[in-house]
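There are structures below to look over.
Two complexes come next, and they have one chain in common, chain A, joined by chain B in the first and chain C in the second.
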Partner chain A sequence: MGLVRKQIPQSPEEPAPPSATPDELIRRLDDPDPERRREAALDLDGMPEAVPELLARLGPEQEPRVRDAVLTTLAAHDTEAVAAGLAVHLASDEAGLRTAVAEALATMPRSTPALIPDLLAAPDHDVRVMTAMVLADLPHPDAQSWLARMIDEDPHANVVTAAIDALLPAATAEHVPVLQAAARRFPDDPFLQFTVRSALPRLAGTA
Partner chain B sequence: MADATSTGAGLSDADFARFTEYFYKRTGIHFTAGKRYFVDKRVEACIRNSSHSTFASWFAALRTRDRSELLQELINQLTVNETYFLREDYQFDALLSTVLPQVLSARGGVRRITGALKILSLPCSTGEEPYSIALRLLEEWDQIDHVDVEIHGADIDSAVLAKAAHASYGERSLQRVPKAWLNKYFVPVGSGRHQVDDGIRSAVTLHRVNVCDTASMRAFRDYDVIFCRNVLIYFDELSSRRAAENLYGALRPGGYLFLGHSESMSRISPIFTPTRLPEGIVYQRPTGAN
Partner chain C sequence: MTAETTHPRVLVVDDAATVRLYHTSLLRDAGFEVAEAANGLEAVEAAMSTPFDLFVVDVNMPKMNGYTCVETLRSEAVGTAAPVLMISTEDRPGDADRAYQAGANLYLVKPVGAERLVRVATMLTAAKGPVA
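Right, the complex of A and B next:
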């Protein structure tokens, strides 16, 4: 008893052999054991042929840990097809799924920006709210101007409030007129009024 | 010319507030107004080393175009990378007083446990952390004579692993080690340096691995406790997610993950359950159905 040394069978410098072929891994996405599904999703990293299969599992998958593994692998591809396949879930009735998808899209700076114009024009205002969430963390030079445009033009108070929240960490004094205009557009929305009122003093004097 | 509330970096009070809010959101590290001079000097250095001439353009780029590169340098400037024995040892207090008893209980208690308790330090750098865990267990855990414990250290850098294997440390690394422990577990090797004795060195297994590499991390399984401190803040979002997934896979269901005091898993991945202990937050792999 006490401290004991474990001799692992393989050299630690050598990666473990692949756990299965791509076809086997794809079949494991339907395994009854969620841990097997989770590991299969992660092991499909870097395999573009698995993208359609991973996208197809995203909606039906009920285990959040498996869903997150699927999203981690998909987001690494950062292609237009993946971004488009993910964006449809921004309209999901399941809050966990649409939030997880928004977080994944925010990690895809190459492909997500091309979707933004359509998402900003989505008829479902909840999709536009989720788009503000994406833009909050998307590392892209136009993210702030898209958010400012949402604040300036979107007809729904919830969307505008979400966009203000998303913009605030990067907002400067130059955004004060945009926020003030939003407050004038929605004089009867107490949450939006509170958000703008809280933000304005912090922006004064920023560069 | 800077105004009365500005620095050479051009940070007004409002910019400082905005910067510290951003940095807190990104890393979990909060700088109070008392750290203003420290922050200003290092932000100035970051701006000087970048292609930007003003705080405003640098800060905008930090959040957008050159984000990962600029953020990495900023984190390097604003964090202390030095490691030493018994660093942030309140987490070792939590390990001994709460986590290990719970792990032991979950695995059937001293009499029924099968196999060793497994603890992983990742990244282990030059070895101070895994050896600190060994010292605390040997000196302060009343079950150490009744249970087998494996301690593993892992790092991506083979050079630091070689130093960890040699386990010879100078005064700065050893400043928090009690003299009695120094006499008991270390051997003087000259020039004020001390080497961890053979017994402890041979009990700690070292590995080279990249925490973001799922294939390599597959070799790490069934750990009861993982210390992964002050590394995830250096990763971009996608790498952090991948690392979190791999740490999850390396833990036994119900196992515990310690992050650095300034790090939060909640902004990386929702797959762990945060658990509040008297000594702070620790993250647990849910026991689930598997």
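Right, the complex of A and C next:
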């Protein structure tokens, strides 16, 4: 358990353990000083009782460094409750928040995959674009399959192009048909046409 | 426009490699000199060392998103007055307003066709001289 581990320094170089109780740390999440909030968020690592409090502050928090600390602590839990609590922010009006959340979800390979089917079906195409960003970095054996499915089935060109961009670094010749099909589905989208046209020669030479 | 060249210098800022390639190819073919940055932070660093005549900036990027990037470009620390064209998949109400509040000159929603991109880039850099 993280709290116990932090109370027993392993070496003289290890930083001093937090002296605050979990309740105190949670109260510090509302401190006017952003640095105090950031430190509190990081010190709440390993304390599952703090997860609801951290999730509740994610939206209102305006300081990027505090928000990043909150996300770091939350992502370390890698539970479905945390993933679901984070995923709602993929629809945020705030670009910094939705991007940071996408990055955090991509570091949660145990819990994020359970959300993917719902995210792929999200009515907001911007959420599906963000889902492609998550899948681009998610270390999961099905990530490529989900991206291929987005390319093959999603009705919105921007989602398809986001999925193509996410898939391309790992794409091989086996993905050529799905890319060609996407190009046929969106003949009037200049970027999608360019992307597929540019990628095909390289993919044709891969195994 | 920079003293070393008659071609307006553009910085394309996008985390998606294919988008950078697309915008860079179109603008180079139209006679612009183009550099690339993969996120807002790289863009700010580039702008602090190199004068650009136009920034083409995405919104959703890791490390520093497009709005923060543009705000930083307009801040005292960088202080560029060069035009900024933001291009995003976002078309919610208020997205364009946020771009303009950050300091962008124009906000377009993807996809942006070749002719439109070149036309807009030419218009925004027109005060700096003709595109070859």
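Please note the rule applied: the second predicted complex is superposed on the first by the 192 of 207 C-alpha atoms of A that agree within 3 Å, B and C clash if a C-alpha of one lies under 4 Å from a C-alpha of the other, contacts with A are read in each partner's own complex, and residues count from 1 in each chain.
Assume a contact is a pair of C-beta atoms (placed from the backbone, for glycine too) under 8 Å apart; a residue touches a chain by one contact, two chains touch by 3 or more.
Owing to the predicted nature of the structure, the values given are computational and were not obtained by experimental measurement.
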Under the stated touch criterion, which partner chain does A:107 make contact with: chain B (first), chain C (second), both, or neither? first
A:65 in the overlay: touching chain B, chain C, both, or neither? Say first, second, both or neither. first
Please indicate which partner A:161 is in contact with in the superposed arrangement: first for chain B, second for chain C, both, or neither. second
Does chain C touch more residues of chain A than chain B does, or is it the other way round? B
A:75 in the overlay: touching chain B, chain C, both, or neither? Say first, second, both or neither. first
Return first, second, both or neither, reflecting whether A:129 touches chain B, chain C, both chains, or no partner chain. second
Taking the superposition as given, does A:190 touch the first partner, chain B, the second, chain C, both, or neither? second
On chain A, positions contacted by chain B and by chain C: 64, 169
Spell out the part of chain B that touches chain A in their complex, as residue ranges. 10, 12-15, 17-18, 21-22, 25, 54-56, 59-60, 63-65, 67-68, 116, 118, 134, 137-138, 144-152, 154, 199-200, 202-209, 213-216, 218-219, 236-238, 241-242, 245-246, 248-249, 269-271, 286, 288-290
Which residues of chain A touch chain B in their complex? 1-8, 10, 12-13, 15-16, 18-19, 33-35, 38-39, 42-43, 45, 64-65, 68-69, 71-72, 75-76, 100, 106-107, 137, 139-141, 143-144, 169-170, 172, 202-207
Show me the residue ranges of chain A that touch chain C in the complex, using the header's touch definition. 64, 93, 95-96, 98-99, 102-103, 125-126, 129-130, 133, 157-158, 161-162, 164-165, 168-169, 189-192, 194-195, 198-199
Give every residue of chain C touching chain A within the complex, in rising order. 16-19, 21-22, 25, 59-62, 65-68, 89-92, 94-95, 98, 110-114
